[in-house]
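In the two assemblies presented below, subunit A is common to both, partnered first by subunit B and then by subunit C.
Entry: the complex of A and B
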């Protein structure tokens, strides 16, 4: 049995790889389900053994990839508290937020096979919840766009600066206008707790 | 040499977002229209 601990060099990388892949799928699916972009740019793919919709628009795909590339070093070092997909109206006011709370346990003792199969089941459940979330959400106004917020600590931003892509894809501290929603309503979609990560 | 960890009192929570905006819906719609036109032309050939 392979046992991993947080002290293992590749532990953070494994978690970051898995989570970033999951976030990529989740972002594409949110954009499809919430009709941020025309449905014609999405194609059906299979992830975690379930059908999902992924964009085939090169610029949008690159944007999502660059975003996650910058977030990855923070997840690797357990320095990203939340990753939030925000849907904004034409005036750039947030109208909807999909919050992924990330907390990693300090220690774990599991076999890598058990870990992967268990994790796949959990991520699949979250993806399935996202794919039907429009049933419990109101329609968004026309002309919406989106952004990704990362909740972290000031010192952790230095890890982000080490990533090469950051030079062409810089990040800034969010304004209140970009973060706060008027009359927010919380709809819990799914809490997922695995041996390596907790996503809410 | 041991790396000095930042003081927790000055290490404030921050919320970051990319400077660049995601492509607008109109821009993506235009691309989709052009893609469909191109695919139609390819079929006609």
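Entry: the complex of A and C
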């Protein structure tokens, strides 16, 4: 067993790669399950050994990729606290929020044989939960759209420069209107704790 | 909570003692503090998240029908910016006009229709029937040598790669159509095929056991010319048409 600390070269990068890949799958699946986009633009794919739905609309795919590309440096440096997929109605009021709370342990215990397979099992479980979450959620109003909010550990403005990775993809501080929900109801979906990352 | 009061016997007035005790146990007066508001701006957005300024694309079901034919293409036409079908059609024409195929001339409706027909299917239809019209010949010495050299299993998948040059004088679309027909009618055992339009290649997959038979079929029935290569995943090209032609 090898023990790595956060200061080790690839620790943050490994976590960020894994998490961003997972978030990409999760965002596509949420958009499909919650019918934010017509089901016709989605195709069935396999990830973590389970069937998932992925958009085949290049513009949407590019948008998701750009978003995660910008979020990656924050995750790498353990500065992202939460990544939230918010589904909003026509008036841009949030109707649903899928919150991914991220926390990374200061010490990393890596056993390369078990790490990836174990992590894959955990991520698979989260994905499966998302794919059946419509059973516990109400239908969304028609014409919904979505956005991705990133909660940082420090003040948002301090992290602005770090996320401006792509020139044509600027980031701004979200409006309170987009953040606050009226009479919110919390539905826990899944908590996963692995050696390198904790997501709930 | 119970409170016990111990007093000396010489103290007579118990009522006074009770009053003193009550007074001592009264709550401390609480002073309501003013809510802290920072005078500096940096912490004001601490609990506000950040988000991309750009909004995600809007794809309505109305545009979806038009979009479907284009989803097959690698170079996709941007749909969501177009508020109606006319604008979408214009965008589509513009996109085709800027592609390499549209440089020399303007696109008309017939060309657009042909284009959409052309990009309709990229994978062959698979039939579950296993009956083959012709008997499968045993391996040639060269092919047997190749199997031995690379240690291939008979059920391992391999692919013949047909390039556009191999199809001459026919077009790759014509060859693809005839090949798809043959696969659909179970003339090529264990076979499925994929037209890689971006590479102008047809990839014909089959079990190693049937590869040579399929190679002969491709050469004779589809009237291919030149050299076609047989590739195996991770190993690359292991055999080619020139070997077949020497059989």
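The criterion applied here is as follows: the second predicted complex is superposed on the first by the 185 of 200 C-alpha atoms of A that agree within 3 Å, B and C clash if a C-alpha of one lies under 4 Å from a C-alpha of the other, contacts with A are read in each partner's own complex, and residues count from 1 in each chain.
Convention: a residue touches a chain if its C-beta (ideal position, glycine included) is under 8 Å from a C-beta of that chain, and two chains touch if they have at least 3 such contacts.
Keep in mind the model is a prediction, meaning the values are calculated, not measured.
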Practice task
Consider subunit A as the common anchor and indicate whether subunit B and subunit C clash or fit when overlaid.
Solution key: clash
Exercise for the section: Mind working out whether A:138 is in touch with subunit B, subunit C, both or neither, as first, second, both or neither? Expected result: neither
Handout entry: Contacts of A:37 with subunit B and subunit C, given as first, second, both or neither
Key = both
Exercise for the section: Figure out whether A:172 sits in contact with subunit B (first) or subunit C (second), or with both, or with neither. Expected result: both
Practice task
Could you look at A:163 and tell me whether it touches subunit B, subunit C, both or neither (first, second, both, neither)?
Solution key: second
Practice task
Based on the superposed arrangement, let me know which partner A:57 touches: subunit B (first), subunit C (second), both, or neither?
Solution key: both
Practice task
Give one of first, second, both or neither to describe whether A:150 is in contact with subunit B, with subunit C, with both, or with none.
Solution key: both
Fill in the blank from the handout: Candidates 41-49, 149-157 or 221-229 checked on subunit C; the stretch that hits subunit B is 41-49
Problem - Common ground on subunit A, meaning residues reached by subunit C in one complex and by subunit B in the other - result: 37-38, 40-41, 57, 59-60, 63, 66-67, 70, 145-152, 154-155, 157, 160, 169-174, 178-179
Completion exercise
Residue positions on subunit A within touch of subunit B in the complex are 36-38, 40-41, 57, 59-60, 63, 66-67, 70, 81, 143-155, 157, 160, 169-174, 178-179
Problem - Residue numbers on subunit A that touch subunit C, as the complex places them - result: 37-38, 40-41, 56-60, 63, 66-67, 70, 82, 84, 145-152, 154-160, 163, 169-174, 176, 178-179
Exercise for the section: Quick one: which bits of subunit B touch subunit A in the complex? Just the residue numbers, please. Expected result: 6, 10-29, 31-32, 36
Handout entry: Residues of subunit C defined as touching subunit A within the complex
Key = 42-61, 64, 67-68, 71, 76, 78-80
